[in-house]
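Okay, here's the structure, questions in a sec.
Chain nomenclature is as follows: A, B and C, assigned in order of appearance, with residue numbering initiated at 1 for each chain independently.
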Amino acid sequence: MNLSLLYLIDLFGTAIFAISGVLLAGRLRMDPFGVMVLATVTAIGGGTIRDLILGATPVFWVTDTAYMWIIIITSLATMMLVRHPKRLPWYVMPVCDAIGLAAFVGIGVEKALAFQDSYLVAVMMGVLTGCGGGIIRDVLAREIPMVLRSEVYATACIAGGSAHVLLVQWGLAHSHAMLAGVVVTLTIRLTAIRWHLSLPTFALNK
Amino acid sequence: MNLSLLYLIDLFGTAIFAISGVLLAGRLRMDPFGVMVLATVTAIGGGTIRDLILGATPVFWVTDTAYMWIIIITSLATMMLVRHPKRLPWYVMPVCDAIGLAAFVGIGVEKALAFQDSYLVAVMMGVLTGCGGGIIRDVLAREIPMVLRSEVYATACIAGGSAHVLLVQWGLAHSHAMLAGVVVTLTIRLTAIRWHLSLPTFALNK
Amino acid sequence: MNLSLLYLIDLFGTAIFAISGVLLAGRLRMDPFGVMVLATVTAIGGGTIRDLILGATPVFWVTDTAYMWIIIITSLATMMLVRHPKRLPWYVMPVCDAIGLAAFVGIGVEKALAFQDSYLVAVMMGVLTGCGGGIIRDVLAREIPMVLRSEVYATACIAGGSAHVLLVQWGLAHSHAMLAGVVVTLTIRLTAIRWHLSLPTFALNK
């Protein structure tokens, strides 16, 4: 996968994740600053925790401010333009989200491999990059994080990240392994969206 | 602004923020340890996340333990002395809070400028230093963070931080730019407190 | 205390803390990924924040993946084997938890002393290592953190950590001081469990 293409998809994912933060903030009647905060943590929260854990500081969006500008512009545009989010076909946001998610996982795995050797940690960092922002968003909005409760969301990230590191381990070039991982994440996630798949939940007898 | 004066105001802000954590803990009937935790995260939570993101580790209160001693002494004194917080005139705590907030923003902006070049990131770090602790306090107390929902609180920080970096960009000495930024934050915040100003909230039609 | 014995107790504590995360997730009917996330943050959340604050990155479980494998295996085994957690005698989990907690505090204090000089910060890092994971677990599960509200839990950590640093300050070998601190934490915690002790809560008149 062309690295500048991946960078563009990464910025696209950042914008999509920011929009999902704005939409949640709108349901909670936050003020404009609250909207920006939710948009920001959703879009860069996962990657930020990843960079802190790996010791990759200053974190990525301090080094490259394109991410923050994307978030600011996207959030302002969403606040000004969107009043009736339900008029979009229902699948538009989930499909965009899946594209961003797949890119985030691939980037998280690659960054972890650049900073340390464990494949297990690399998969974890991919999942964290993809899912961490949404978890922080839901905690701030006082909801039990959606990805902890339902849908084949994190599972898609684990599968894509695992494919990615296995192919690297088998000697494939990083760019090809990442492309394959991104395709795996995206395929599983789109399948789950199309047929409303979820995993069984774990519930204890009381 | 004299740097040792700023340091004193910083410690004053730390004490005020700790008290606001203690008062919230008292409303939730926490045990003494819970009170200390809420006081600590309110007072140093924002600056801690700022230092982690900038890579300025160990964080500031590990290097200079005056902050922790201030928090411990203030919290114990508040627990022992305060039983009827409503007997104070209503504006005392908000005005003290505004003074601490303005100092925190100025310090956050200056620290960010010392560690990296982006003015956008510097303003964000100022806002994070001022508002981050209160957000963590409210998350631990299971409330939707107050600063995300109401009042011209974060907005004052954004204005003050922006004035600060603009004046630095125009060539003013850092100490004068910081003083101007602190005055802007404080003025807007005091105005909002005096006339109960808030921004319109962003709400989506369902 | 023999260091490899302490390492084994540390891994034991990691497993116990992971199980406590799994059991909470089971009460909330989370999906398997949510279960793994709660188990992971409970087991390594406190130590992770400690390492970030001290600047000890990459954090400990990136450097030594034994922690993650313990968490994964323990969580999967708990999900498969445990359906009726209430059939265990009530004191089994608290006593195991107390053993893990005491080890975590000792390790946290030692790591802090290796990275900086303040004894106050060292005690805080011990408490954070012991209590931080449970706090994050409860925030994700949308409960006010248990350790902020009840029982002589954090207090035991403060006492054990303080004993540990005082003995170091008085010239005792680190290994002996740590052993004494671990015994203090464990004794206080087991006493509190046996006789259901709690501290009075701090409540404000309204």
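In this section, a contact is a pair of C-beta atoms (placed from the backbone, for glycine too) under 8 Å apart; a residue touches a chain by one contact, two chains touch by 3 or more.
Fair warning: this is a prediction, and the values are worked out from it, not measured in the lab.
Think of each touching pair as a link: the shortest run of links from chain A to chain C has 1 of them. Matching CA atoms, the turn from chain A to chain B amounts to 120°, rounded to the nearest 5. Between chain B and chain C, two chains of identical sequence, the interface residue sets overlap only in part, with shared numbers making up under half of the total. Between the Cα centres of chain B and chain C there is a gap of 30 Å.
Annotation for chain B: residues 52, 57, 139, 142 touch two or more other chains. Residues of chain C that touch chain B in their complex: 52-55, 57, 115-116, 118, 120-121, 124, 135, 139, 142-145, 147-151, 153-155, 158, 198-206. Chain contact summary for the complex, chain B toward chain C: residues 22-23, 25-35, 37-38, 48, 52, 57-59, 61-63, 65, 68-69, 79, 82-86, 139-142.
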